[in-house]
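Consider the two complexes below, in which subunit A is the common component and subunit B and subunit C are the respective partners.
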Partner chain A sequence: MRIRTTPITATAAGLMLGLGCATTSWADNGFSDDVVRIGVLTDMSGIYTDLSGEAAVEAVRMAVEDFGGEVHGVPIEVIFADHRNRPDVGASRAREWYDNDGVDMINDLSNSGVANAVAAVAKERRRHAIVNSSSTVGITNDYCSPYATHYTYDAHSLAHGTGASIVEEGGTSWFFLTVDFAFGHGLEEAVSNVVRDAGGQVVGAARHPLDTTDFSSYALQAQASGAEIIGIASTGADAINAINALAEFGVTPSQQPAALLLWFDDVHALGLDTAQGLLLTNAFYWDANDGTREFSERFYERTGRMPNMAHAGNYSSTMHYLNAVEAAGTDDPDAVSEKMRELEINDFFAQGGYIRPNGRMVHDQYMWEVKTPDESEYEYDYMRLVRTISGEDAFQPLEDSTCYLLDE
Partner chain B sequence: MRLTIRILLILLIIAVLSVPFVPHLIYPVFVMKTLCFVLFACAFNLLLGHTGILSFGHAAFFGSGAYITGYFVKYAGFPTDLGLLTGALAAAALGTLFGLLAIRRSGIYLAMITLAMAQLVYFFYLQAPFTGAEDGLQQIPRGTFLGFLDLRSDRTLFYVVAGIVAAGLWLIWRIVHSPFGAVLRAIREHEPRAISLGYPVARYKVMVFTLSAGLSGLAGSLKAIIFQLAALNDAHWHMSGEVILMTLLGGMNTVLGPAAGAVLVSAMTHYFDPFGAWVTVVIGVVFMACVMMFREGIVGKLSKILAPGLREDPPREPAAERPAPTDQ
Partner chain C sequence: MDIFGVPIQAMMGQLMLGIVNGSFYAVLSLGLAIIFGVLKIVNFAHGAFFMLGAFVAFLSGRYLGLDYWAALFLAPLIVACIGMAFEYLFLRRLYGLDPIYGLLLTFSLVLVLEGGFRVAFGSSGQPYPTPEALRGTINLGFMILPIYRAFVVVAAVTMCLATWYMIERTRLGSSLRAATERPDLTQAFGINVPLLVTLTYGGGVGLAAFAGVLAAPIFHVNPSMGSNLVIIIFAVVVIGGLGSIVGAIVTGLALGIVEGFTRVFYSEFSSTVVFLVMVAVLLLRPAGLFGRTEG
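So, the complex of A and B:
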């Protein structure tokens, strides 16, 4: 959205926009409204602001600028909005963007509820949506469509990446600290299955309510279990509080915590003293190679922070979408969808990445271990690579997906 | 002066009805959502403005309406009209339950009881398997209304929603201007006197709780059909807070004040979006400005300017700020 200072100018702008594109039509050159418009629908004011937020908008802008700002002579425009973590707000904004504002693709989509709702709207309105910062596997199952792409990671890649890799590295007995509702239960169950299949064992679990601040009894239960690995099946503040408590009660470093959904920013917030030894799966780390460093340093200059995997995914997926538009020579959603699934993704984010028919972008995932304060040599030098998990192993096998497109 | 108000109302109705024809000027789905909040806020005001009971648990009714309707339409194959009715009735039943327990206390204690019960309801929806927790109950079919109106068309849906909300608002207006409404005002103004006049005050309170909850549930049900989803934030206590904000902004001593408040809050969150993280700050400042400048709310202030001396209710302090009368 453009910056509007008052409701009056907002109405005027809406009126102009309305007159400008009374109906979305494809002009002779194959581009709707003579512009490729990308909408970043993200959390600007709530709990995911730090994970995506304004930095996500900036990542998409960077991709557009690096692409050259236009495709086949048609300008590319980036607009953004706040879904305030409400699925209805997100769905309503997505509908308005697709119907009224000529938005061709919506990116980011933090918050599972919002992502599922927007994927449903994208399917109905036949426009593109790319999910980067939420984990719900619904996007590539029940809510799948030729127009929805799940790009960076998902709950399946986290569970399988982390679970199987740790067992193979020798961590065979597990205890879970699980947040007590569907998300936590699902994650715990998925990882438990992976651990058992890989030959490990699950010795127990402690369930804590959402937004718990006092983890002392759970930390002691984890300690008493004697398990080698403490799996943390929660995210955000809960995961941070749990890791803090484990450190305070001396559970770590004798038992090793494994966070099932933790972000680079969380490690930054925890600090190396507390987070050292922690295992986590992330699709991207800024300091992995020259390509990631080059992108991350430019990103840092613009936003004053290091990118996490969602930011990198925002950039890479926007680039991929624009490449597909260029290859297709139109922004017609069906043609672009075909090209997106046809072209291979090779950049700093993914090598040999490709998009499956159900919208899942398959690429390598990485398991990282947080360094000790002594090992860290410079600012943001936080993690070292433990192992690379190939995309085929990390993501849900295509035959397990319930996506209707696979039946055809 | 009554004429001016009547003309304004007719103009407003015409404006609302013409919305589907100018989708680029104002987006119909946004207007439908706003209409849901209009009904929700007016239903809430039956309790706060007209009876003087501050409930801090109305999200439970709104969310229950959404979830129950969503569940029955999606999984039990109910037609949309029956689904809406089921949602509203379930919310009304929940309202009776809340009412029976909550009216044993008054003022801040009553508010806390309703908040506690609403939290119980919230955690039920967080844990219940059919709600999908934070993923939300998605892909609720819109279906048909009365068997022949296909609600998949946004335009048809718009008129159905506008019709139902109008019926709901009319019902609220009837309740307020009936002898029953007069008793409610008597309870609000001086409860011991209402008791001494022989009115079964407790029964009236439970009754108005039920009505308010049922209409709030209807608003939630409509929202679930419009967006084809029900989500946890519908039942979260933030929603209870938001409806109080809407009511106070608009003016709680008027029938249509909460409606104006609902429109204002929806419009602010919608159109101030480009401010990003600042939008919450902006809304906070607007709220403070409104409270400082017109304590009787926007509509209260407007009707004072438009028609001095037309007031039905004498101005009064908000219920929560008065010392609670002891009804034990």
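So, the complex of A and C:
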């Protein structure tokens, strides 16, 4: 017998699916499936592997171990998957995790396209997603929900860190080398706004695909633009290749490169010879104080590398989520969301940090300058603090956010 | 002076860069064309061998203290040996089967090599210094050209000409061409055709490794450096005519230049233009610009 799909059977199937999703039951103890399951959705095989990847999973595992491995007697489990830098892959994995695998919270979320897509799924499925490794301000604007938290940094904080500092020092004409997807566009727009607000001008931009190796022609365009500042709105290997090409074609030092999102790992890969003098806005540096050093040394022992700000954010946000679960006495997403916004964050990563109604975790950002090879005294001694930017100044003012929650 | 609103300086600069990129395309597509001509295998792993060449140069520099010049000579030989071992152990078993098997096997090698290097060295890549003698820039008037990039053009073109000469003008080359057309008859003349096939694969991937060493100081040495290039190289080979040596060299350089010009007028389109040319060529001359229609 063949079953013909009629509008009625289709509707029935849709309803059953819908009910299936909506009927996740919280057991008597207040915990779904008798386990708190955290999924780390990250780039395990692509261009952002170094800044998130396996080490991000390890950071979350560390937090769970430090928390004691269980909350109210319920075990905490960590699983992970590769989103392959594709929003569709990320979104369908998130759906599968939330619907079938009982995942309560998804963490890391490198790649802005993936982060936006998963935030939308989190809203639809009423489950938590915490973004640490990507910059899209979409998380706290169009894709906001009580379940999406943007933790470590965002395009606004980068623009108001490195971007604003350079404008203040007199760099008023800008040309952008922008990676051609949500992240690059968002960052370029945010910095352009800062530049224009300060009376500067943006003379042009060149867009390049993600994972570009040859930046020579973009370097020539940057040179031809005559702009004082070449804003590099990309990160990871793209930013490294761009900086190298600018140096190779003699664009620098007559025009100054401004790497708008440079990671600790990028500085490591560039080497101090090339990277010296670059400014970067990072929410965390391993050698900042005793707290960061203690965490970083433990992290180094497990992974063989120093943590960057996203790794530290992964740890801190997982800890905060678990603290909220403990305080709420349940993993019910609404109760946890309320507690997450209520509790203050005080650890090696953030002091006096708090989560705004639109999901933005507000905490201080730091601007660093890369040391010269002579200034570096020991291994991984790469940066010195230039200034601290208070969270209130760094992040988008609440009144500018388009998040629907703020209208309620 | 402007042409279509673009300063002539910018145009000349992009043209020069097109020639530099075209030299990479030429060396890489040459290797691919030779392999296809003799083995009838679509060597998807070509980009991975390019990456391997760069990594051999980087690792031999770091652990054996070999300088750039030694690496430029040794890395292609080492990678050729790895390639020959791969041909002997795996690829050989697929001759005579549907080409899709060869494609799948070589593609799986890409995934293994890139994945392995990513685990070992990370995705950010490793810096490789430009050799001392080739540092600095030349002011051409219309652009600042790094000396090293000029060297790349010279080295690549020399290598292409040498390979062309070897295949078209030497005894080894004529045996090779004979083995391509009539393997059974060539074997009957006492020429060891399977050995010739293995050497051809080694030579082809050796060329890829040579390009990889040339690329090491320009691009950061990283595991995915070949994966973007390989698609373009395939287009180059198809446009030039599958298996055509001259076609690969000329088309490689020409497409580099076309790409350079596209960057001047509409940068976003530059990664697509090669494929548009490919579609046009396939419609008008299905055997490629320099290919012969079999039959």
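FYI, the second predicted complex is superposed on the first by the 308 of 408 C-alpha atoms of A that agree within 3 Å, B and C clash if a C-alpha of one lies under 4 Å from a C-alpha of the other, contacts with A are read in each partner's own complex, and residues count from 1 in each chain.
One rule holds in what follows: a contact is a pair of C-beta atoms (placed from the backbone, for glycine too) under 8 Å apart; a residue touches a chain by one contact, two chains touch by 3 or more.
All of these numbers come straight from a predicted model, not from anything done at the bench.
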Examine A:95 and indicate which partner it touches, taking first as subunit B and second as subunit C; both and neither are also allowed. first
Where does A:45 make contact in the superposed view: on subunit B (first), on subunit C (second), on both, or on neither? both
Determine, under the contact definition given at the top, whether A:126 touches first (subunit B), second (subunit C), both, or neither. neither
Based on the superposed arrangement, let me know which partner A:387 touches: subunit B (first), subunit C (second), both, or neither? neither
Considering only the touch criterion stated at the top, classify A:72 as touching first (subunit B), second (subunit C), both, or neither. neither
With both complexes overlaid on chain A, does A:214 touch subunit B (first), subunit C (second), both or neither? second
Taking the superposition on A as described, I'd like to know which of subunit B and subunit C A:196 touches: first, second, both or neither. neither
By residue count, is subunit A touched more by subunit B or by subunit C? B
Shared contact residues on subunit A - subunit B and subunit C: 45, 49, 53, 180
Touching subunit C in the complex, subunit A uses residues 45-51, 53, 180, 206-209, 211-214, 216-218, 220-221, 223-224, 236-237, 240-241, 244, 248-250, 265-266, 268-271, 274
Which subunit C residues qualify as touching subunit A in the complex? 7, 9-10, 13-14, 17, 20-21, 115, 118, 122-127, 137, 143-144, 146, 148-149, 218-220, 222, 224-225, 228-229, 260, 263, 267-268, 270-271
Using the touch rule from the top, collect the residues of subunit A that touch subunit B in their complex. 1-4, 7, 10-11, 14-15, 17-19, 21-22, 44-45, 49, 53-54, 80-82, 84-89, 91-93, 95-96, 99-100, 111-113, 116-117, 120, 136, 138, 142-143, 180-183, 210
Residues of subunit B defined as touching subunit A within the complex: 22-27, 29-30, 33, 126-127, 129, 132-136, 138-139, 223, 227-229, 231-234, 267, 269, 271, 273-274, 276-277, 279-280
